Amino acid sequence: MNPAAPPAAVDDLYRDVSAADLQPLWRLQGLLTEQPTTRAFPHRWPGTTLRSLAGRARDLVPIGGGGDRRVLACANPGLGGAPYATPTLWAAVQALAAGERAPAHRHTPAALRFVLDGAGVWTAVDGDALHMSRGDLVLTPSWTFHEHYNPGERPMTWLDVLDLPIVQFLGAVFYQPGEAAVVDARPARSASEHRFGGGPGLLPQPLDGPVPPAHSPLLAYRWPDTDRALALLLADGADHARVRFTDPTTGRDAMPTLRCEMIRVAAASVTGGSRQTGSQVLTVFSGEGRAVVGGVEFPLEQGDVVAVPSWATLSLSTGPGLDLFCVSDAPVLEGLGLYRRIETDD
Amino acid sequence: MNPAAPPAAVDDLYRDVSAADLQPLWRLQGLLTEQPTTRAFPHRWPGTTLRSLAGRARDLVPIGGGGDRRVLACANPGLGGAPYATPTLWAAVQALAAGERAPAHRHTPAALRFVLDGAGVWTAVDGDALHMSRGDLVLTPSWTFHEHYNPGERPMTWLDVLDLPIVQFLGAVFYQPGEAAVVDARPARSASEHRFGGGPGLLPQPLDGPVPPAHSPLLAYRWPDTDRALALLLADGADHARVRFTDPTTGRDAMPTLRCEMIRVAAASVTGGSRQTGSQVLTVFSGEGRAVVGGVEFPLEQGDVVAVPSWATLSLSTGPGLDLFCVSDAPVLEGLGLYRRIETDD
Amino acid sequence: MNPAAPPAAVDDLYRDVSAADLQPLWRLQGLLTEQPTTRAFPHRWPGTTLRSLAGRARDLVPIGGGGDRRVLACANPGLGGAPYATPTLWAAVQALAAGERAPAHRHTPAALRFVLDGAGVWTAVDGDALHMSRGDLVLTPSWTFHEHYNPGERPMTWLDVLDLPIVQFLGAVFYQPGEAAVVDARPARSASEHRFGGGPGLLPQPLDGPVPPAHSPLLAYRWPDTDRALALLLADGADHARVRFTDPTTGRDAMPTLRCEMIRVAAASVTGGSRQTGSQVLTVFSGEGRAVVGGVEFPLEQGDVVAVPSWATLSLSTGPGLDLFCVSDAPVLEGLGLYRRIETDD
Amino acid sequence: MNPAAPPAAVDDLYRDVSAADLQPLWRLQGLLTEQPTTRAFPHRWPGTTLRSLAGRARDLVPIGGGGDRRVLACANPGLGGAPYATPTLWAAVQALAAGERAPAHRHTPAALRFVLDGAGVWTAVDGDALHMSRGDLVLTPSWTFHEHYNPGERPMTWLDVLDLPIVQFLGAVFYQPGEAAVVDARPARSASEHRFGGGPGLLPQPLDGPVPPAHSPLLAYRWPDTDRALALLLADGADHARVRFTDPTTGRDAMPTLRCEMIRVAAASVTGGSRQTGSQVLTVFSGEGRAVVGGVEFPLEQGDVVAVPSWATLSLSTGPGLDLFCVSDAPVLEGLGLYRRIETDD
């Protein structure tokens, strides 16, 4: 304080400032930090636990009784009880029993479904029916009606990731229940794939609509394609390969808020460390290994979900090889000029 | 719950789910709402109060003693004590006494300065000195070194708006103090204006740098230009006009996170209502009138700052005429496909 | 002429205008026509003739003796002897005997190779070896070194299309001979396909280079992919389908001057007519049928090349079905705002 | 030829090739040159001649009698009689006597008008009336109706530049006469300038239309703005400055085919040489000096028009100072990846 300032006048000032719904910057802490800070912790949700609890919920909680979806959301213990894996990403396991149906709705938060195991559920996106099988990535982009149904005889569980915290933060959540749909079509390929799944660089003409949608018109990325793309990239002997799931009409991220990538770490490899602004959610698709996240070491087994906070270092190692599905908010940061990524020694 | 499920098993499930840092979606409320919800309130900080408290702080609090900047931040009473005008925008008044200097630093949050009254302060942006005068908009974009100095004999106060809450939310705040700068250059025009301020559509060749920066290379928008642009637009008898401050090399918003516009409401006019996703901060530059924000009516006088939460209706009316400086996060929402704006009846 | 003007003065004026290298607009004809005019004729080069003459040239003309390439260029009879199929497109057949090599060079005109029959030739593009087989489209983009070699025991013939007339018109032809290369690598897949041929929407990370090249990094589009994409599009019973060959990193045309598409007309179908600005070259890949181009009817058989001048109507019909490879300058016209396409009755 | 080939068989081959409308590449010359070649010559049309002949034409040739426009087109002597200043650019002087009117029409070729002297003519573009005065650049973009009228008492002459050769080459010329318009509005500013002429970086909201037009919505660039922009750029002591006329909503060239720039060479300066692909037309607005174009030296006086062929070196020198208006086809070449520009020693 001004040494010459009468203490009473200063006290009065602070009282009046507070009464006026103002705050003096010079008394605030932690706003402009040298490096990013975050309340989120590096955290691992074990796959065994996720599968076990999803199974128990499937047996005990009817889908019609408690809500539209049978979903267990990863709640990062650093976030004060918020049901978010990181400050910007929702990650959850969703279970659907044989014969069950999760009814249609739509919302501005965008979602993706990544199948960790099994097959047999269908997801309809604006009426287009997409079969889901192990390793497939299925998009339910912002404001598209979507429902899930399981006409088979076996339950199925998959990973959901949403940009819900981002859309909530921006005050842009809209929600609408869908028609009571009875979509029982089960085509060999979705209409989306009929048009956009022909092959790399092959686009149908004319494109639908005068302006391309903000999200990929290709709604499913099939595991055999992803697996082959990774194998081709590793053919030159690299220690890891990374494939991004993109909109084939633009080459940009498949959805404007969520970057989706599959990382394959070759057997007996250690990746160099890196850190990036924005947060990430990793899921172990197959293999096993270890991750060091912000100095914390986690074992990695099939089905594990790992939260990587902003600017935390990340390195991976594996004996038998490791396939990781990785989601981040990087497109948001890139679009705003806030994305930084560096390689690190640790 | 499944009517047939043993209550004890269900209790066990919830206990284990919680212990595993998971949360059942079907027990969460308020995540997917039909329309945007926000904790922020429509709120007005009166210009008289802001000026008075800024003046008292200037007299009582030395700039060197308590921090780098003498700033009073608008704290929206709905945000639980956070020093933010809206969930995404920092708004504040900054005061600099005669002879004072706010030393150089830089940070990834982007800032703008809008001069509500007076003249005489200089802001240096990466070494380029910009004079500040009533009605001028001066940019200090993300990660540019900036300092303010007041070589004159009169104090000066202006409005600061930053995207700090956005950058904080995304985990991307970096900060760095600057060199002990002694920038005493006081050119008639900044280098930025020498190059990019020649006139509408006139760009120097070659442009500096192989890739344009994400922000406008024009760092100051001068009031006489803004005033003339508004007058020209109103010449056809419309009830209001709106000018956007853009990057002259791209036509996009001057900074990637903040939309800056000046709205002139003609005398004896009422604008139709509108609502948009994302939040806004309005400042009364001149004139007076009334704003209805989300059903709450506020008088508008010179220097007032008003917070408009996401999806709150906004309408304006004036007797003598009204000039409003308006900042929003709309570029962020547009880039993510989340921007919606509708005209309303109320 | 001005009725009052002295004829001698007018004569003097025209003499002096001409002597000054000027021309009076009002005495010029045909500059601003109601609709596009072109000197090019609708024209067909029969596949049987092309194959026969290419074979005779292969037997009689050594590749080392007369030039770098053994190429017969389609010369539209309307173009006054210019070796161009249309005013903007070069189209030619190229033949390579068993054991022959066409040495490396590069030039700013961009080229594509479309294999009408056979297999066994390799094209190296900046050192990346691409095998060529029936139905494949191989790119040799602007200013990439390229060479062709035929290590097999059978001769091979394919179609070349270049934007040479465009680059020549713009005064931008550069040419450079390549190193005496001995590229004998014959990988199962090119490096280009290793990286970009994994599947629709799958992109390797990181992308090479800070700025994407103007052309597709995917240099080969394989017939099995193209065939499957067309079959998927026709699965809904349409009378024809059209697939565009695009840059998978942008969704734009594979090269900035040449649009490449494959059109499949279903058996027993007639397509509606259309006309578009800019010219096209069609090649019959398989099947047979008829084309009406600007009122002229042509039979279509395997290997035929057809020139479609600007704004000429085009309609297609087939009994057994028809696959056409189609190249146009449409990206040039689109980029300049000059592309128009309409459906017609004839 | 193949030494072993029977000469008669070779002769037969060439005869049959020619009869089939084919040409053997290996017998063609000059197609793929090491550097750009062009038939156009470096050429200068003296301003005194242009003014004198335009004046005589004005007196002798009525505008209604011989055509829509009284225009003398610069015909480069290298182009075999074509009425084009370069292979891609039409350049001409247009004269309108007191009281005359050149009636409305539109065409896909885009045009610009640059006023070398005088004032008083109005050009209406899609009904928007723009006054023309010395140093102004007025756009009549592709497919906009335009007419010129001279309500004053003095004749006026200006420079026209069109992309007509480009549009003709691409087979995309459309033309339509306009309504018999009687546009006598003479506003102080055009509607275009009311909306887009407020100042650098200031854009009206909302922008008209969902998609911006391919050309600048700002149709006039006024000499006082251009002059000030150049003066600001030269304030730091450079030997020359260059301002580009751009679309304020995108920062791109004002029209998609024509780059327009004003170059000011400071007194007693010599610019370094440069060469670029694509051609240019220069006009001397004020001052005098010398240009060396492709090794040919030309004096430069007010009103001179100079053709600079592709890849010809260009350097400028002046004693008293020099203002040059420069038009090129560079946006076309840039869009196709064919633009190259280098600095040279000569």
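Going by the order they are written in, the chains are A, B, C and D; count residues from 1 in each one.
Operating definition for what follows: contacts are C-beta pairs under 8 Å (C-beta built on N, C-alpha and C of every residue); 3 or more make two chains touch, one makes a residue touch a chain.
Owing to the predicted nature of the structure, the values given are computational and were not obtained by experimental measurement.
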Note: chains that touch chain A and chain B both are none
Going by the average position of its CA atoms, which chain sits the greatest distance from chain A? D
Can you work out the whole-Å distance between the CA centroids of chain B and chain D? 43
With centres defined as the mean C-alpha position, give me the chain B-chain C separation in Å. 52
Centroid of chain C to centroid of chain D, CA atoms only: how many Å? 30
Show the residues in chain D shared as contacts by 2 or more other chains, in ascending order. none
Classify the chain contact graph as line, ring, star, complete or other. ring
Chain D contact footprint on chain B (complex, rising order): 189, 193-206, 216, 218, 221-222, 225-226, 228-230, 232-233, 235-236, 241-251, 254, 261
Within the complex, chain A is touched by chain B residues 1-3, 5, 9-10, 13, 16-17, 20-28, 31-38, 43, 45, 49-50, 53, 56-57, 59-62, 65-77, 83, 87-88, 92, 105, 107-109, 142, 164, 166-176, 214-215, 256-257, 277-279, 309-311, 329, 332-333, 335-340
